[in-house]
Each structure stands twice: as C-alpha cells, then as structure tokens.
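As structure tokens, here come the structures.
In the two assemblies presented below, subunit A is common to both, partnered first by subunit B and then by subunit C.
Coming up: the complex of A and B.
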C-alpha cells in the first residue's frame, strides 16, 4: 500500500516535471502563433499587438504556466488559437480516434507476435525460424513512411478500401461498433501500424521464449516427463512473460504517440494530424495537451507493467515481502 | 557436425553408485541429457535394457524413461520460482497418475518431504524462500516421487557449502539403501566421487579414458596415465556406435 502510494506520488511529480519542461521548451522556441499574421499586409501591427495582448502570449512565463494549470483544473486544457475553441473539446475526440486505432493495432500485433515468436523459438535454427527471421528483417528494413505509402497505393489501385477518414463522418459521438464504415476505414491504418510494430515484438518474444526454454527449471520439467504443452504453457511462457510485460508497458505507454506518422499518411483523424498542424502553427496549448496525454499514458503503461510483473514474478513478491 | 560421444557403455547395478568424472566440457552432463532424451543426437543409439530410446516413439519411450530421474546442480534454477513447493511436488502426479485426488497428492507430497527430512510447513513456500540445502532436498524429493530406479545426480552437491554437502551426501546414501536406488553421480570432485561411488568412469572429449572400482581408481591415477578400455560386458546397456552429434545448444 505504501509502495503504491509512493509510486502514485512519484507519477504525479513526474507529470509536473514533464509539464514544466515542455512548457519551458515551447516558450523558448522563437516566435508565436501571431507571427504569420505580421506577414499579412492587410493586418496592421497594432491589430497583431492587440491580439497578442488579448490572448496573453506576451505575458510572463509564470503567469502563462499558472493560467494553463488553471485550465487543466477546469478541464478545458487551454484555448486553441488555431481552432478557436477549448483544447479539451478539440483533443479528446481525436485522442479517442487514436486510441481506437492504436489499441486495435497493438492487440493484433501482440497476438501475432506471441504466436509467431513462440513458433520461432520452438523451431529454433530450423527453416521455419529462418523464414520468420527473414520476414521480420524485411519488415524492420521498410521505413514506416514507405510502408504507409505502399499500403496507400495498394488501397487506391487494388482494393476498394477507403484511404482517408474514420467512416463516422465526423460524428464523434456515434458508437463505433454501430458503424460498419469504421472497420473498413480502420483496416489500412491498423495494418500499417501492426506491421510496423510487429517485427520488434516478434524478436523480443522469440528471444524471451528461447531464454525461458533454456531455463534449468524448464529442462528439469522435461526431464521429469511433463508433457511439452504443459512445459510450454505452465513453465516457459510465464517465465518469458517477465521480460515481455515490461515491453507491454511501453506498448500501453505509446498508445497515444505511436501512430502520428501513420495517421498523417493514411489520413486517420486522430491526434497525429492535429498535433502536426498545431506544431506548425505554434498552437502551444494543443501541443501541451497532446504531450501531457502521452505522458499520462506512458506513466500509466509503466504502472500497469509493474503491477503485472508483481503478479507474475514471485521473485519480486519475495523481495517485497 | 560434432562427434560428441564414442563407444560409451555404462554398467549400473541395483543399489550401486556409478560416478562420471572428467574436466569441464568432457561430456558428463551431455551424456546425462542424452540418456534422458533431453538432447536428440543426429545419429547413434542410446540403448537401455536392450531397446534404443532414440528409435522409440515418445509414447513408447516414456515408460522406460520413468525409470530415470535427475537432480540438477543449481536447485535455485532447477525449481520453477513461480510454483510453490506443493505445486512442484504435485506436478508429476498430475501428469503421471491422473486419477489421484488432491488429498492423496498432498499426503504423498508430505511423505516425500519427510523422506528428505523436511517439514511439511514449507509446502506453501516458494523455492526462493528456502536455503540452498532445503532446495536441493526438495529437488531430490521431487526426483524420487515416481519411484525411479536410477537417479542421475548432475553435480548435485557442487553448489552447496561443505556442511550441507555432507548432509545431502548422507541423505542420498540413506535413500539409496532404503529404496534400492542406483545413482549416476556426475561430478568433477574425484574425492567425493571415491567416497560415494562403487565405480568411477572418467570421460574426456566424449570418450572413456579410465574406469574401474572406486577403491582402485585413485591408486591407478597415482600410478600415472593408463588408458583403460570402456566396459564391454553390458548388462543393461550395450556399446553403441559413434554418435555424430549436432545441437543448436552447442
């Protein structure tokens, strides 16, 4: 209980540190949202100065940071100068879209990686292992950008799959399961994302399983006549899970940030395109909200991984006790 | 392809201890792994009671392999840390005596612990919560659960301190007398081998370089190198041909 409290306090301090550091970085970056207006001869310098005054971009750093913390407290997460609305109402539906995409891709990638990696480990050094290794090497060698473009070209020329949008027509409130279009719109981005994270996961699963299968207690189980399926499921797999759970924590932590490029290339209306636009326009509070949400997920993912590890690894429980 | 073993034949009689000695890498542990079919040589034969274990199907091989059990060197690593002592002892029953009730399993687990002079209070504990000596006793208890005829002790005493080594060695001798067991005792400790074993075989690079009764073995050594032929009068085993061997573990 004390440890959990310490971890939560540590997480809050980490979030505070991330927010301060990000705010400092965005503040010291040259220019602001209104710089582009200055280039427009139809807008007078007085008007730009008045707008800067109105939106407080020239106020001191502590004032702006305190104001932003206040907006966190009331849930608005600041104000978007680009979209002229609260960041909260802007970013949350986009974050939901990103989560739909990344959760599906992460789930598929983990299921495939576990099956693939275990199969490779069980056939270590044989043709199946070598074929699997060649496939993962190929996938690793293809940059995400190229993979997205290949899938986009395939969608345009070969299949009738939609290559843009979420299939909801912007109706963010509609239940995703009720909309069949969502699945067809999700197919390409999920495939691209799954293929980009799959090879790394497969290699981790393979090496963790090989280490587990070589563990003396697994050899001892074989020697005592325990059937191979039981040795795999009850001895080797739980042992391999220890290292994989940390990786799962990273996967959960990356749910909001892993798909930026894929979303931009394949036109998925998630956080990616929004954050990219906000960065180009120097829409500070949108970027801050995206960074903070990603940080929350990263910390949450690590916490979940720690809890799973505590549950799965008796060595940790013994040390804790 | 590596020729791992050549012309090895072990004669082991009921209630006797055969020690396998040799330098690291001489093939002692690999030989034990081959006997238990934990390694699959690409050629050759592993003959036990006149039957080639490698030529048999897994189903046909299992009843023969039940005559064997093994205790590894590092008991901390050889016992699954995710299991309690009770789970470790119960697992062989779950597999090999499926009809047995939970109460009966518990009773047999307690009996097994009593046999190695351990309290049943450690049943819910993880192996990580036990001392090295206790862990090795649990490993021995597990090995004896299904009443094997031959117990392979793969450097089973090496990781223990001297006092615990003595205790476990005495326990093993008692268990041998009580249960009519035979041991294949793998060690590089010639002094301990001559204490425990009836016969000693020394391996080098997968070949038998010396063999003989323990009492005369050390005397032979002091007299200088005199390569002795491998035993040929096999009762349980007959010499096999050269075993060409490849393994991805090596």
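Coming up: the complex of A and C.
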C-alpha cells in the first residue's frame, strides 16, 4: 500500500516534469501562431500586435505556464487559436476516436500474438516456427508508414473499403458516424496497427513461453504424467505471464501515442492528424494537451505494469516487504 | 571447434550484403547511372526499363541491351522502339558527380550510351531516375541514421557509465531525466524537438539538424541499459581486487568495466541505426526533414501520398522495398550479434 502511494507520488512528479519540459520545448520554438498573418499585406502590424496582446502569446514564460496550469484545473486545457475553442472540448472526442482504434488493435494483436507465440514455442525449431519467425522478421522490418500506405493501396485497388481519400487529407476529416459503417472505417487502421505491433508481441510471447517450457517444474509436471495441454495452461503459461504482464502495461501505456502515424496516413480522425496540424500552425496548447494526455497514459501504463507484476509474482512481494 | 567456426562464418555471411549496401550508398554517384536531379520531362512515370538478351529479329546478344524509347503521338504511351538498341556498358562515362564532396568524377559502374535510357526503378513525375534517387537518398537517410545513432549511443553510454559508476546523486538525477524522456511519446518528442528549429531550412542544415535532433531524443534507452550493466559489473570480484590494488577510477572503468559493455553496445548500435533511419524517414515524409529536389528515403516515400502514384505506379514502391531489405539485414545482424554475445558470456 505504501509502495503504491510512493509510486503514485513519483508518477505525479514525473508528470509535472514532463509538462514543464514540453512547455519549455514549445516555448523555445521560434515564431507563434500569428506569424502567418504577418505575411498578409492587408493586415497591419498593429492588428497582429493587438491580437498577440489579446491572446497573451508573448507574455513571459512563467505567466503562461501558470495560466496553463490554471486551465488544467478548470478543465479547458487552454485555448486553441486554430479552432477557436477550448482545447478540452476539441481534444476529448479525438482522444476517444484514437482509443477506439488502439484498444481494438491492441486487443486483436494480443490475442493473435498469444496464439501465434505459443504455437511457435511448441513447435520450436520446426518449419512452423521458422515460417512464423520469417513472417515476424518481415513485419518488423516494414515501417508503420509503409504498412499504412500498402494497405491503403490494397484497399483502393482490391476492395470496396473506404480508403478516406489520400495522404494527409484526413487532417480535416470529421469523425465517422457512430452507426453508419464504423466497422468498415475501422477495419483498415485497426489492421495496420495490429500488424505493426504484432511482431514484437509474438517474439516476446515466444521467448517467454520457451523459457517457461524449459523450466524444471514443467519437466517435472510432464514426468508426473499430467496431460500436455494441462501442463501448458496451468503450469507453463502462468510462469510465462510474468514477463508478459509488464509488456501488457507498456501496451496500455502506448494506447494514445502508438497510432499517430497510422492515423495520419489512413485518415482516422484521432489525435494524430490534429496534433500534426497544430504542430505546423504553432497551436501550442493543443500540442501540450495531446502530449500530456499521452504521457499520462504512458506513466499510468508503467504503473499498471508494476502493479500487475506485484499481484502476479509473490517473489517480488517478499523482496519489497 | 570446426563446427563453431562454421557457425560463426555462416553468421558473418550476413555482413556481406550489409557491407555491400553501405558501400553503394556511400558512393551513390558511381553506382547510380544518372544524377539525382536529372529530369526527362518527356518521360514521366515510365516503368522500369527492360533489359533484353534476344532482339526483335530473334538474334541472341551476349551483352544485355535496352531499346530506345519513343512516345506514341496519339496515346502518349511510352513504348520501346525496337529499331535502335543500346548495349549495357560497364564503367561508362556519364554525368559528373562528386565523391565524398571533395573530388569529381564521371565514371559510372554501369549505364547505356546517350540517347538510350536505363531506368532500373523507372522514373518519377519529372522523369527522374528512381534508382539513382534511391541511392542518393539512401546516402542521406542512412548517414543520418548512423550519425544519429552514434550520437545517441555515445551520449547514452557516457551518461549511463557516469550514473552506474558514481551512483548516489548523479545516478538519481540522471535516471529521473531518463524517465522524463521515456515518458514522452517518441513521435511527439521528435516533432517537438524539430519544432524548435525553423520550419524552412537549407538541405545541408536540415540534414545536420536531423542528425542532432534524432541523436538528442534517443539517448535515454541506451543510458538506462548501460547503467544497469555498469552497476552489475561494478560489484564483480575483479573490480574489488583492482580497487584493493589502488587502481584509479579511470583505470577500473577503462580496463574492467567498459570492456564488459562492448558486446551489448554493439548490439544496441545495430538495433538503433534502423530506428534512426526511420526517424529521418518519418520527418521527411511529413515534410519536416530533407526537402526536394534533394532525395531522401523519407521524401521518396512521401511521393506515395499521392493517390495516383500509390495505386498506379508499382515501381515507386521500390525505394521503400530497398529500405525494408536494409532493415531486414540490420535485424539479422543484430540477432547474430546477440547470439554471439550470449555464447561468449556462457
């Protein structure tokens, strides 16, 4: 209990550090949102200056940071100059879209990886294992970007799935209606994301399973004449779960940040296109909110991983007590 | 013994294609038949040139050749003109290029005589040779990857050694910093550090900045790994023995602790390079890195963002296929190294 409290406090401090660090990074960046207006000869420098004054973009760093902290307290998370609304109301639906996508993909990837990894571990060194190994190597070598593009091309050529127009056009896309064709719109991004996280998971499952199957207690269980499937499910799998649980924590941690590129390429209206656009337009608070949300998830994921481990492995409890 | 040698040789065989690819990317001017900026506006999006051995009359040629190209006046489709043939030549004199930025040369590994065209990977929208652009772009991307990885590894290893060896306050402070960097999503960090720099910059600056940016964001993970290794190496008996003989910190580090980390460092390095190449590719793909007309693998990939290119011109995928091949080789090399490291330690 004390340990959990300490971890929570540590996480909060880390979060504060992350916010300060990213705020500094974004403040150091040259220029601001109104730079584009300056290039327009019909807008006088005084107008731009008064706009800057009105939105407080050139106030001193501590003032802006304090202001931003205050905006967290009231839930608005700052003001988006690009969209002319509170960042909170802008970013939450987008984050929800991202979560729909990543949760589905993570779920599929884990189910597939568990089956595939265990199968490979059982057939270690045989052709099935080699084939699976070759597949994971290939998938691992294909960058997310390319995977998205290939799937997009396939979808456009072969199937009637919505491919969302091309390239970065999705930046302005509106969320798909909840009932009409959500699944068909989800299919492509989920597939791309699943395939991109799958190989790493499969490798971990395989090596964890192999280590567990080689353990003396599994051999002992076999010697006792316990049926093979029971040895697998009751003896080897729980032992292998130990290292996989921390991986699951990382998976949970990455839920908000793993899909940025895939979303941009496949035009899924999640955080990805929004953040990229805000980055180009120097819409600071949108970027800040997205970074902070993702950081919260990452830190929370690590925390969950620790707690899982604590819960699953009695040995750790003994050491820390 | 001989079995062990055999296995080692077989694993080392993976290094041959890896070295070959890097050689080609180091001297793209020599290995590419054309300059990366040379345009042929009459021949946009032409499919890869076909090498023939048997001509239209059915005669066999020992030296492969290509036909001349002609554009059909009515349909504007590019076709082979079987009346004129251009044999493939090796060590041919062609367009001028610079070697490592210092010397100039005109010698190319292969090519065909001029009005003939040899486009191994086809052409892009300006009729530029995609194969040549792939090689020149690879030089930038892979150099950025290797340099970025080197910076990240050097910074990470130094800080990791500092933290692991001196412990206490240094360790605590550095590890908090590592946690901070690891708590930020990789892509956000990449974009945020990139955002500090002006949006539109010259290509050479862009390249150097890319290297610096990617190096800056990647140091945390190696630092943590190295710290762990140093921490365990510090407690070993021989270090205690060296200490008892009044060896200096520097001596202990250099002779006893650092050698223990080399194998792992090499493995990490080989794993980091593709990651850092990917960082360049991602930035250039999004239009934040190297920009036209200078090719890089990122902006070659970015051409696929156009719907027409994506669905109609399969050869525009060939640079990406090369990248995947290179990554496969890197992953192979890293797993071979990993195997060697575990064998040595056992």
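Note that in this section the second predicted complex is superposed on the first by the 304 of 321 C-alpha atoms of A that agree within 3 Å, B and C clash if a C-alpha of one lies under 4 Å from a C-alpha of the other, contacts with A are read in each partner's own complex, and residues count from 1 in each chain.
The rule we apply is simple: a contact is a pair of C-beta atoms (placed from the backbone, for glycine too) under 8 Å apart; a residue touches a chain by one contact, two chains touch by 3 or more.
Just so you know, these numbers come straight off a predicted model, no measurement behind them.
Partners subunit B and subunit C fit side by side in the overlay (superposition on subunit A). In the superposed three-chain model, the partner touching more residues of subunit A is C, compared with the other of subunit B and subunit C. By the document's definition of touching, of the two partners only subunit B reaches A:214; subunit C does not. By the touch criterion defined above, A:230 reaches subunit B but does not reach subunit C.
Of the two partner chains placed around the shared chain by superposition, subunit C is the only one that A:260 touches, whereas subunit B remains out of contact. In the superposition on chain A, contact of A:124 is made with subunit B only, not with subunit C.
Contact with subunit C, but none with subunit B, is seen for A:287 once the two complexes are overlaid on the shared chain. Superposing the two structures on chain A brings subunit B to within 12 Å of subunit C, judged by their nearest Cα atoms. Taken together, the two structures place no residue of subunit A in contact with subunit B in one case and with subunit C in the other. The part of subunit C that touches subunit A in the complex is made up of residues 176, 179-180, 182-188, 191-193, 195-199, 274, 278, 281-282, 285-286, 301, 304-307, 310-311, 317, 320, 323-325, 327-328, 331-332.
Considering their complex, residues 36, 38, 62, 65-66, 69-70, 72, 74, 77-82, 91-92, 95-96, 126, 128-129, 139, 142-143, 146, 248-249 of subunit B touch subunit A. Residues of subunit A touching subunit B in their complex: 124-125, 214-217, 219-227, 230, 235, 238-239, 312-315, 317-318. On the side of subunit A, the complex with subunit C involves touching residues 14-15, 17-18, 21-22, 25-26, 28-31, 137-138, 140-143, 145-146, 149-150, 152-153, 156-157, 165-168, 254, 256-257, 260-261, 264, 275-276, 279-280, 282, 287, 290-291, 294-295, 298-299.
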